[in-house]
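After this come two complexes, each holding chain A, first together with chain B and then together with chain C.
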Partner chain A sequence: MKDVYLILKNLTRKPLRLFLTVFATFIAFMIFGTLTAFQQAFDAGVDLAADDRLVVVNKINFTQTLPIAYVNRVRAVEDVVAVTHLNWFGGYYQEPRAQFAMFAVDAENFLTVYDELVITDAERAAWIANRQGLIAGKSIAESFGWQAGERIPVNSNIFSQRDGRTDWDFDVVAIYEGADPQTDTNSVYFHYEYFNETQSFGGDFIGFMGVRTTDPERNEAVIAAIDDLFANSPAETETVPEKAFNKAFIEQIGNLSLILTSVVLAAFFVILVIVGNSMILSIRERTREIGVMKTLGFTSGRIFRMVLVESLLIALIGGMLGVAAAGLMVSLVNQAPIQLPVLVLGGSVWTQALLYVAVLGFITGIVPAMNALRLNIITALSRS
Partner chain B sequence: MSDDILFDLRGISKKFVKGNDTITVFENLDMSIARGDFLAIMGPSGSGKTTLLNMLGGVDQPTSGEVVFDGKRVDTLSENQLAAWRANNVGFIFQFYNLMPMLNAERNVELPLLLTRLGRGQRKKNVAAALELVSLSDRAKHMPKELSGGQQQRVAIARALVSDPKLLLCDEPTGDLDRQTADEILEMLTLLNRDYGKTIIMVTHDPEAAKYAKRTVHLDKGEFVAKELAA
Partner chain C sequence: MRGFFSQIWTVVVMNVLSLPRRLWMSLAAIFAVSVVVAVLLAFLAMAKGFEQTLAGTGTDRIAIITRTGSQSELNSSMSRDTVNLVATAPGIARDAGGDPVYSAELYVIVDGIKRSNQLKANIPMRGISPRGFGLREQLEIVEGRQFEPGRNEIVVGEGVLRQFEGFELGREIRFGKTNWEVVGVFSTGGSAFESELWADAPTVQSQFQRGSSFQTVRLRLETPGDVQPILEFVENDPQLILDVETEADFFANQGRALTGIAIFGWILSVVMGLGALAGALNTMYTSVAARAREIATLRAIGFSNISAFMGTLAESLLLSVLGGLAGAIAAWLFFDGFSASTLGASFTQVVFTFELTPELFRDGIVLAVAIGLIGGLFPAWRAARVPVVTAFQGGE
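After this line comes the complex of A and B, so read on.
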C-alpha cells in the first residue's frame, strides 16, 4: 500500500498519454454499456414472456389471418384458461412516420391473458364498456402527449373505413403501465368489434391468438390439441410458446446479439492494442528507473505488481467512466420521443464491466509487468 | 577472520558469456575491505571496476568464489534475499544520480524507507534528517529537473544513507560534475566516512577524487596492480 503514491505518480507522469489510454477505454466501455442495455431490452421480450402463454398463428406464416370462429374452439380445449385474439392495425398518429404497434383485441379477455399490462379495475370496466375506447402504454402516451379522457384520431396504413377514410376516432380510456420496468408500454389496444364493423376489407378474421394455459407443464398437450383441431383445414395453425415466438420474431431482425457482440469485441480489441502498446512503451521508457528501484532493494515481484496495478487502474478509470456515460446515454434514449423498448442499465452490466476491466487491465499489463519482472539490473543500468 | 573486516572476496571469478565468446573479467581475485574504510578504485576503462562494484553491491553474482559480508555469505542468497540484503546494508550512488523524475527530492529520498516497516511519520522524520545532512532541506519539494547536477547528487546521497546502511558504493559519483561541485560531494563523503562510520567504496577516474579516500587500489585487466600515485 505504501506504493500507491508511486503508482499514481507513474500513472500521471504523462498526462496526455494517460488521457488517451483512459479515453480509448472509456469509449469502448461506453459502447459496451449502451449496446448491452439495448441487447438486454430486446432480450427482455424473451425473458419477460410468460411461461404459461402460447401464441397461435397461421401455419403458413404469422402475417396470414385466421377465422374468428377458431377462438371459441380454442377456448374449449382442455387446460386453456383464457384466449384473446389480436389484429395488427398498422396505426400511425398524425403523420405516417409516427407508426406504432396497435392491435384490435378482444377486450373482455385481453387483460386476463396479458396481465402484465396494469390498469385499475374501474379503468378496465370503462374500457370494456366503451366500444371506441383504447388503452395506450405509458411510454407511447407520453411520446404523443395523450391523456386519459382525450379523443384522438388514429390512421391505419393498411385498412380504411367503409366511407374511404383511413382514420378512426378513439377515446383514450386508460394509460397502462408495465408490471416490470422492461415490460413494453409502446403499444395500443382497442376493440375488435369497432375494427371489424368499420373496416372495408371484409370481416371476421383475426391475426393471431394469445392463449393462457393452466400450467406451463401442460403447454405441450395444449399445443398438440390446438394444432390437431385445425389440421387439414384451409387455415392450419401453428401454436408455440410465447418465449419461442418472441425469440423467433427478434431473430427475424437479424442475429442482434451476434452483431452487438461483434461490435463490442472489436472495440475491446482496439483498446487492447492501444492500451497494451502504450503500457509496453511506457514501461520500456522506465527501464533505467526500474533498474534503480531493484538496486535499492525493491523485489521484482513488487515491481511486477506495481505495473499491473497501473494498467488495472487505467482500465478501471476508463471502464467505470464509460459505463457511467452509457448510463447517461440510456437515460437520454429513454427520454427521447422515439419508440424503443425501455433500456435499463442494470447492476449486471456494471458487474460484467468490472469483470472486463479486470481482464483488460490484466492483459494490457501482463506483458510490461513481465518485462519489468525479468529486467536485469546490470542491463537496465548500462542502457542509457 | 578479523572483526575489522567488513567485506571479504575469496577467489572471485567473473565471466560473461556472449554467444561463443567468454569474456573473463576476473580470475581468482581476493580482496578484503576493512570496516570504516574509504577505498577508491581506479583503473582504465574496461578493467572491471563497475563489475567489481556490482558484485560487492549484490546486484551481480560472481561466476565462482565467495563474497562474505560481515561474516555472512552473500553470493549464495536468492534474488529476493539479495534485494533485502541490499536494502538493509548498501547505499548506492551513481554517476548520473538516477533519481526518479516524477518524484520530488523528499519522495526520492523516501524510496528506500518504503522497504522498511517505518510508518509515514517516522519516514518523514528520517527523510528530513537525511536532507538536512546534505544541506538540501530547502529543496525538499523540488523536482529533480529543477535541481543542479550537484544538488541532484546530494539528493542521491541522502537517498543512499536514509536507511542507515553500513556501506556506500559510489560509481564515479563526481564523473558528471565540475571541480568545485565534485569537491563538495567528496567532502560530504569524507564526512560520512569519518563522522558516521560509513564504509565507502568509490570507483573513480579522477586522481583528485581518489585523494579524498583513505586508500586507493588500481585495477588493470581484472587484477590489482601496484602503482605509484603520480604527483
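After this line comes the complex of A and C, so read on.
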C-alpha cells in the first residue's frame, strides 16, 4: 500500500513533465483509435461479405456487360439458391458532383441474395409492386434528406432516356438499414425493368450477377459450373467469391491498410522515444533518492517494480484518454454529412489499445527500472 | 547595441555547444519532429504527384468533347453521326489538306494484374486512330512499333508496364474471346496517357461490340484555349448534347481528386506535431533546468534576461529545424519518384509518381519551425526568469 503512495508521489512530483508525457501518449493513442476505426470500416466490405455469395462478372472486366439471358442459365445451376442481377446506373442527385452508388436490379430476387439489407415485408411488397420505386440506404437517404414516400428525380451520368433527358423520376418506397452496424447503406436500388424500358442505349444487358449458394463448401463447384456454361462465348464470365471481389475492389484505390498501419506505427514510435527518454531522465534525477531507499532496506526488486508501474501508469492514463478521444472523433466523423462508411470504435480497438499500453509502458520503463535495480548504494549516494 | 547582440550570440553559442551534454533528450526531440515532417511530406507528395500527372496530361491547344454530364471519358458516348457533325464546327484547326484535325476515340476497361498486390485492377484501353497520336504532345514509341490498323495489336504506356504484369513487348493478351499482341511501348513524358493501352479504334469497336459508336472526340483548337466557337455551334444544334472543354481544364478537375489526401495529411501531421511539441517542451524545460545555474551566473555577471530567452529559443529552433531537415531528406529519399497507382475519375488506374516539390519541402520546414518556436517559447520564458540567486545555491 505504501508503494502505491510512493508511486503516485513520484508520478506527480513534476506535474508539468507528467502532463507532457501523458499528453504525448494521449496523441498517439488517439491517432491509433481513429485510424483503426477507419481501417475497420474499409475492411468491413471484406469482413462482412457473405461466404455463400458469389459475384459473376464479364471476364474482360467487371465494367463490361453480360447478356440478360445468362441469368436464367445461372439460376438452373446445381446448388444455386438465388440469383439477382445489377446494372451500375451512374446516378447523381441534383448536381453532377453528388454521385452515389445506384443499381438497377431484379427486385424479386435482390433481397433474397442480399439479405443484410433490412426492410419490412410490407415495404418489400410495396417496392416490388411499384415499378418506379427505389429503396435507399439509411446513410445516403440522410445525406440527401430523402424521406420514404417522397418522389425524387435522379440523373444518370451514363444513360439517357429515349427522348434525350438524363433524369428519371423515382418514388422512395423504403429506407433500408444494415443488419450489421458497419453494413454499407450508401447505395440505392431500383427496378431493372424501369431502367431497361426507358434508357436509350440498346437493352437487355446486365452489369453483373449476385449468386447465393446452398453452402460455402459448394462454392468451388458452382464457380466451375457457371464459368463452364459461358466458356468460348462472346461474353465469357468470371465467377469469384464476394470476399475476393470486394478485396480486389477496395485494393484498386491503393493499399490503404499499409498506409494507415505505417502512420500508426510512426506515431507510436515517436511517442515511445519521447516517453522513454523522459522516464530515463526522471529516474536519473532520483539516483540519490533511490540510494537512500535502498539504504533504508527497500529491496532492489521492489524499486524495480515501482519504476515499472510508474511508466505503465503513464501509458495507461494517456492511452485510455486517447482511445476515449478517438471515440469522440469517430462520432463527429459519423455525423458529418459526407458519404463515408460508418465508423465503429468497438471492443477490439480497446483490447488492442490495452495491449499496446502494456507494451509501451514496459518498453519505456524497463531501461530506467533496470538502472534502478542495478544501482549500487555507494555510487548513488556519492553522486551529487 | 553591439553589446546586446553579442550577448545574445554568446548565449546561443553556449547553448548549442552544451547540446552534447543532453544528447539523448535532444536526439529524441529531433527524431520526433523528423517523423512528423516525413509523414506530412509523404501525404503531400502523393497528392502533388497525382495532381501534376493529370495537369501534365492536358493542354489548352486541345479540346475534348464528351456527352453532357458524363464527367469522365468512360461514361461518355456518342454516335458516328454526332462525331461527323461536331467535326464541322468552326474553331477547329485544319491540316494542310484543309481537313479538321480531330480524333474520335473509345475508352473501355480491361483487367490487369497489379504487381504490388497480384490483384486485378482496371486498366483503360483506348481505341484511337493515327490521327489521335498527333494530338498527344511528347508522344514517343520507345520500344517496338506502332499498331497496324485493322489488327489486334496494342501499344502499352510505360506506366502500365511499371505497375502491371504481363504487358511486356511481344506478349499475347486475351480479352474475352480475342487475343491481342503487344507490339510497342509508348511514352508521353509522364502524363496519365501512359496508364493506358492503345489499339486501333475500329478494331476495338468490333471486338467490344460497340457498333460504330465512339465515346469522346479530341480536336486541335484553331486558337489555343478558345473553345467558344465550338461551344456556340453545339448550343445552336439541339441534337448535340455535348460538353466542350479544353483538355487542360478537363484533367485539372480530375487532378483534384486527391486533395482530400493532402488535407488528411495536414490534419494527421498537425495532431502528431502536438505530440512532438510535448516532446520538444519536455526537452527544453529539462535543458533550462539543467542550465539554471549557468543562466543565473551569466545574469550575475551582467547578461540580460533577453539573451537567456533567445539562447533557449535558438536551441529549440535548431533542434526542430534539424529534425525538419532530417524528415524532409528521409521523405525525399523514400518517397520522391515513388511510383503508385490509384483509381481515377474514369474508374481506371492512374499511374503516377510521388513528387516532393520545393514548396512541399518548405511546408515541412514551416511545420518544424512552428513546433520549435512554440516548444521553445515557454521554456525560454522560464529561462529569462531564472533568479540570479540560483547561481550561488548548491545542487540542481
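As a working rule, the second predicted complex is superposed on the first by the 384 of 384 C-alpha atoms of A that agree within 3 Å, B and C clash if a C-alpha of one lies under 4 Å from a C-alpha of the other, contacts with A are read in each partner's own complex, and residues count from 1 in each chain.
Criterion: a residue touches a chain if its C-beta (ideal position, glycine included) is under 8 Å from a C-beta of that chain, and two chains touch if they have at least 3 such contacts.
These numbers come from a predicted model, not from an experiment.
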Chain B versus chain C as contact partner of A:Arg13, first or second or both or neither: first
Chain B versus chain C as contact partner of A:Ile378, first or second or both or neither: first
Partner chain in contact with A:Asn155 - chain B first, chain C second, else both or neither: second
Chain A: partner with more touched residues, chain B or chain C: C
Partner chain(s) touched by A:Lys59 [first = chain B, second = chain C, both, neither]: second
Which superposed partner A:Lys294 touches (first chain B, second chain C, both, neither): first
First (chain B), second (chain C), both or neither touched by A:Glu236: second
Chain B/chain C common contact set on chain A: 384
Complex interface listing, chain C residues touching chain A: 24-25, 28, 31-32, 35-36, 38-39, 67-72, 74-75, 77, 108-111, 114, 116-117, 119-122, 175-177, 208-209, 241, 268, 271-272, 274-276, 278-279, 281-282, 285-286, 340-343, 347, 349, 395-396
Of all residues in chain A, those that touch chain B in their complex: 2-3, 5-6, 9-10, 12-13, 288-289, 292-301, 377-378, 381, 384
In the complex with chain C, residue positions of chain A that touch it: 16-17, 20-21, 23-24, 27-28, 30-31, 58-61, 63-64, 90, 92, 96, 99, 155, 157-158, 160, 164, 166, 201, 232-236, 247-248, 251-255, 263, 266-267, 269-271, 273-274, 276-278, 280-281, 285, 384
Residue numbers on chain B that touch chain A, as the complex places them: 54, 57, 59-60, 79-80, 83-88, 92, 94, 96, 98, 100-103, 107, 111-112, 114-115, 159
